[in-house]
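Across the two complexes that follow, subunit A remains constant while its partner is subunit B and subsequently subunit C.
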Partner chain A sequence: MKNIWKKFTTAISRFFHDDAGVSFLASTLAIFAGILFSFFLMLAFEPSDAFRGLSIILSAGFREGMSSLGNVVVKSTPIILTGLSIGFAFKTGLFNIGATGQLTVGAFASIYIGVHWTFLPGYSHWMVAVLGAIIVGAIWGVIPGILKAFFNVHEVVATIMLNYIAMYAVSRMVQDFVFESLKSESQSVHPNAVIPKMFLDKVFPDSSVTGGFWLAILAVIIIYIVLNKTTFGFQLKAVGHNKDAAKYAGINEKMSVVYAMAIAGALAGLAGAVIYLTTSGAHISTTYILQPEGFDGIAVALLGLSNPIGILGAGIFLGYIKVAGLYLQTLTFKKEIIDIIISAIIYLSALSIVFKSLGRWLVKIIDRLNAKDPEPVAKTGGDE
Partner chain B sequence: MMDFINTFAEIVRLSMFIAIPLIIVALAGLFSERSGVVNIALEGIMVFGAVISSLMIGILFNNTDLSGQWLFIIGMLIAIGAGVVFSLLHAFASVNMKANQVISGTALNIFAPAFGVFLARAIFNVSKISYPTREFFIKKVTIFGLDLSNIPVLGPMFFTKTYITVFVGILILVIAYIILYKTKFGLRLRACGEHPQAADAAGVNVYKMRYAGVLISGGLAGLGGLFYIVPISGNYDPLYGVSGYGFLALAVLISGQWKPGRIMVMALLFGFFAKLSNMTDLIPLLDNMHLSTETLRIIPFVVTLFVLMLTSKNSSAPRASGEPYDKGKR
Partner chain C sequence: MNYVIEMLNITKDFPGVRANDNVTLQLKKGEIHALLGENGAGKSTLMSILFGLYQPTSGTIKVNGKEVAIRNPNDANDMHIGMVHQHFKLVHNYTVAENIILGKEDTTVGFLKMADAIKRIKSLSERYNFNIDPNALISDITVGMQQRVEILKMLYRNAEIMIFDEPTAVLTPQEIAELMNIMKEMASEGKSIIVITHKLKEIKAVANKCTVLRKGKYIGTIDVADTSIEQMAEMMVGRQVLFEVDKNPMKLGANVLTVENLTMTNKDQKQVLKDITFSARAGEILCIAGIEGNGQTQLVEAITGLKTNYQGDVWIHDKNISNLSIRNRTLSGMGHIPEDRHKHGLVLDYNLGENMILQSYFDEEFQHNGFLNFDAITEHTNDLIERFDIRCGRGEKTSSRSLSGGNQQKAIVAREFDRNPDLMIAVQPTRGLDVGAIEYIHDQLVKLRDQGKAVLLVSLELDEVMSVSDRILVMYEGEIVANVNPKEVTENELGLYMSGSKRGEL
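On to the complex of A and B.
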């Protein structure tokens, strides 16, 4: 009996000494708490609908079988990519608020190529359109990279400015080059420029899913490899941890910033391509609104702890929640409740230290209980 | 010559409507960052202040005799209160919980607009909140029967067709400068943002100072939200919120090198270029170029980027800004 107790207590204390374990637990608890919070909010303002609201939020992805799940995939694809863009920048010590702008210019590039470059034969058309989005997004990312590296301009400010510049410029260029004046939005792309379904239509029939999801998965894998298995990725991370130390170690810290922003921009640009190279009626409107996917990416990156695999999971989760938002339209509650859930989850996940200190406190008590035993519980102590 | 002066006065008057909320919210960011807490939630707090005060002004206007400037002043107090309460969340996370301040701020930014719409729908069944902004418009400023609008240059610049937001904004700028640089409290606050361990060793309660910094920041940002709504947009539309003014204020704060004077200059500069699209009839040269609306709207952002490029070489960010303070850490 005593032995089991001891094993149990050591296991707990070990778990709370392991950061990854605590972070995962914290994220999971945060998700539950966030949904619970929104439930109470619904209960407070519209008690009759609260339970239906909750059940919709929980079951949204399965309401209409595979086609609902297909919508989850559609919603999550771009935010996985913007999340990856922002998470990658985080890893290299940069805060890329500019995913929105990079996405917007990428989207325009893909639509422009998709509408006008009809001379491209067959599959090459969508590939070139996607490539165009990636390149233009990368260029839009390089600008704040250069400003940061060589002019010491804070990347947060530079990317905020570039978001607005992109928004106005694309609104203008849509009107000048690819305008559908009846609906005051961009024209539909040529069928050849639509990203093929790549078997996803077999899995998720009746949804507007495209092979863009595979591109997102591919991007996750590439970024994972770059960050964890290459010297280049190591150098970028080193600059993120300590610029001066990296410089001392012989890393070109200035160019690292530029490369990092180029990659972040390329990912966000790709996100723009996967949103608009579809048949589902996605068009850039000419209103002055920043694309929300860029900001959702911040939430995805934070929830996914900037880890590519974590970002994939967080992106799918957020996509799921967003689909729930579409179904909620039928109730008194609209999409807002979804954003409230997301914000509550992010806020609570920021408080992961609560769980850590709870763990430390537990460890302390266990230590005291086991004080009579000759073998002390492993305790490392200290911070960070 | 007189023509030129009047045009100039008109330009300054128009620029001020953009510059004032930017100054107030940038100062909000200044107080927080000087105490050592990064406040990326400025946008969210602005929205929160704007929503709550708009709702309350609407309710008060319809149900009580309050109107005109008194109603506006009460609205301001409500906006400040809402901002302070909302920023408590950020203070709790970043001071007590030592949370990542960017994450906490992002959460607040997502929460505020959603909660605003939720509240408006739940209480009024509408999503757009509008109220009589005309009530607050001042045609001519008169003090003790003196018509200040007749003063040359200054009259048309400050005392005609205006809102009290302009005067409150200037007052806040002056007070903020005095608090930060001429009081013991300001010195301690800045110390907590530069070297909290040293401040602590000198007997300053770092946690308390950081709370103070964030809460002042919240109050100012909430007020900035209302000051955006009244002169600029005229109603609260959840589709646009406060149009990214919180983020712009962050840009003004950084390009202003965390100093009140420079913040004012940058805000006025941005305000001037942002209002260019309304000034085509004032500046003939601009009218002759036949620029599209979008081009005109891009100009302030491009100009700010260029100014930043030329002035950012020596950044003077508070050194400990963004780092949670841990007593045990050396």
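On to the complex of A and C.
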């Protein structure tokens, strides 16, 4: 028994001695803290429903079997992409608050192509629609990139302004080009323009899941490779960490900023396509609302510590919590209270950096426990 | 014995490091006591304990024979302990007097008693021949004068024990001589002085006693008069040190770097480079000497392409590189050890391996179709670690931030030397390094010169200028004011050129 415990703690301590391990531990702790806090909130607002609320939050993704899990996938797909957009920008030293604007223009491009370009045969229709969203999103990202690189305009200011420009312009253009006047929203796209299910409907029946999830996974893999394996990523990260040293090394630090914002914009644009190229009745309404997925992406990027794999996990977690919010409505909680509870979880989760020191401390304690054992740590974990 | 300060058996632990290990320092009234040691020997930690910035882990401090606890700098002030930091703590758009009274303002019903303060500052200034105008703005006076303001600050607060942290690093030879006179004067009046330094000549010139630290450990306290410079160096480093740089006679080749009529104007329309023309030949170490801020930085920025707002031409061999990008200049055969290793030299968040390929990641050796070749990077880094003796905990995975200053510099030197450039621009390559590392980097520069490369060395340290270079250009206010041979010039003469009081033949 003692032996098993020791092996277990040794394995854990080895994993968490890695920086990636500490990060993972920190994010997990943050999530637990968030859920615990939400429980106290529920106790405060509706004590009688608090325990049922907690159980819903924990089990939301499985309440109705695979279809619930399918909803998690639907909710998480766009925020994985916006999280990736923001995380990628973080890695290159930029704070892309503009994911929501890039998403909006991308969404409009995909809907416009999806509605009007019916001359495109078969599968090529949705592919072109997705590509259009990516390109338009990239262009929307390039604008603050150029302003930052060549005119020294801070990207936070530029992207916030572009968010509003995107929101009002798209609202106007929806009315001019793709308007469904009965419902006061954008028209539905042609069936050919809907992203196919790509077998996901077999796994998650009765949900509006599309192959967009695969596109998000593909984006995660590509961004991971670009950042970690290529000279291009090496340049972008060098500029992000230390602009002056990058310049010294002959890297064109101005163009790097532009490229980085183009890629961030493209990812957010893709998120727009993924939301609207479905059959589930997602339409751009003409009311003036900034798309929340763009901001959820900030939380996802922070929780995932800007690591593409971390962002994938964080995005799925956030999608899960959002589905939990839907189920919480079956209890007596008011909608606003639910929003507060969900926000509290996200808020605390995004503080994972704070938990990093706590994680290191835990690792130290595990080490100390192990050190009391006669056999040294290193030996158990020796060369296999 | 009547010691004014006794630090007995001081030990200070930081997480994972013992910065001071059972160190003892005893200071008599009217004594100038040098604290000698390499970087990281624990000098600054010890003085920070005395000044109340740190608390010792164990050990006792006695002031005038009474055991005391110094919890913060205010306590230190109350005990009449003052400190001049290496980087002055002055408000640049305040006057001398305002800076001196800052934090110790005397008022009547809320109004400053400025006239009284100025009177007192004037009398202090006259007593020590400081020759300082209390109403001058800090930004208008020289670095040497700024240091005097710092000293006045201590005197104004009635400091009896004065700590100087590397006081001569920023001064000209003349200013150093004056500072030493001031110190001796103050000591003769009964003030006690501790000087933190690693410049042995200055200890010899001014100090009575010298306490030596090495790697946090107390090595000993000696009478300066009875000890030679060589003996002190050996105590500090732990082995014998060669002071003369060994050099073969130089074999001059063709011009490698040619600078023609280089002029640069800064944002305030001030000419920071004025019509600079010179060339550096293969097989020579050409040194640009001068006091900090006389255009050396801008000259290097223009040659390397970090700044492009200049007129004039820069040539490498027969190639005009004035309009080339930084990358293309580098590829034309230029190596650059930058002035600020944290700002330009390294990406501190990258590990050692990534920093080793910073100038060559695009090379076929390290990438294929845009994908980095990690095996090649590891091999390359391990090779450099071994050849250049970079001390690092985890090989190529070592975070650059965790390396010591000397090893960070070695890493940059390794990267730049390994690219085998025809022209090596080394800007203050030994700044802040200890004797061992300095010796090493000088050797490397000489080796490069012997291989028939051109070395452009920019340095503020006169010792370095005199011992390493084959030819010296002195810069003053953006101009080259002298072109001299180190064998035919004295340090004193060089100081006159540097301070603009004399011009030589070009």
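The criterion applied here is as follows: the second predicted complex is superposed on the first by the 313 of 384 C-alpha atoms of A that agree within 3 Å, B and C clash if a C-alpha of one lies under 4 Å from a C-alpha of the other, contacts with A are read in each partner's own complex, and residues count from 1 in each chain.
Throughout what follows, contacts are C-beta pairs under 8 Å (C-beta built on N, C-alpha and C of every residue); 3 or more make two chains touch, one makes a residue touch a chain.
What you see is a predicted model; the values in this text were computed from it and never measured.
Legend: residue contacts after superposition of the two complexes on their common chain; A:245 is shown touching subunit C, with no touch to subunit B. Touch counts on subunit A: comparing subunit C and subunit B, the chain ahead is B. In the overlay built on the shared chain, the residue A:337 is in contact with subunit B alone; subunit C does not reach it.
In the superposed model, A:172 lies in contact with subunit B only, and not with subunit C.
Look at A:230: by the touch rule set out above, it reaches subunit C but stays clear of subunit B.
Across the complex, subunit C meets subunit A through its residues 304, 306, 325-330, 336, 338, 343-350, 354, 358-359, 361-362, 367, 370-372. Across the complex, subunit B is touched by residues 41, 45-46, 95, 97, 147, 151-154, 156-158, 160-165, 168-169, 171-172, 288-290, 295, 298-299, 302, 332-334, 336-340, 342-344, 346-347, 349-354, 383 of subunit A. Interface residues of subunit B, counted against subunit A in their complex, comprise 40, 89, 93, 97-100, 102-104, 106-111, 113-115, 117-118, 121-122, 239-240, 244, 247-248, 250-251, 254-255, 292, 294-295, 297-298, 301-302, 304-305, 308-309, 312-315, 326, 328-329. For subunit A in complex with subunit C, the touching residues are 229-232, 234-235, 237-238, 241-242, 244-252.
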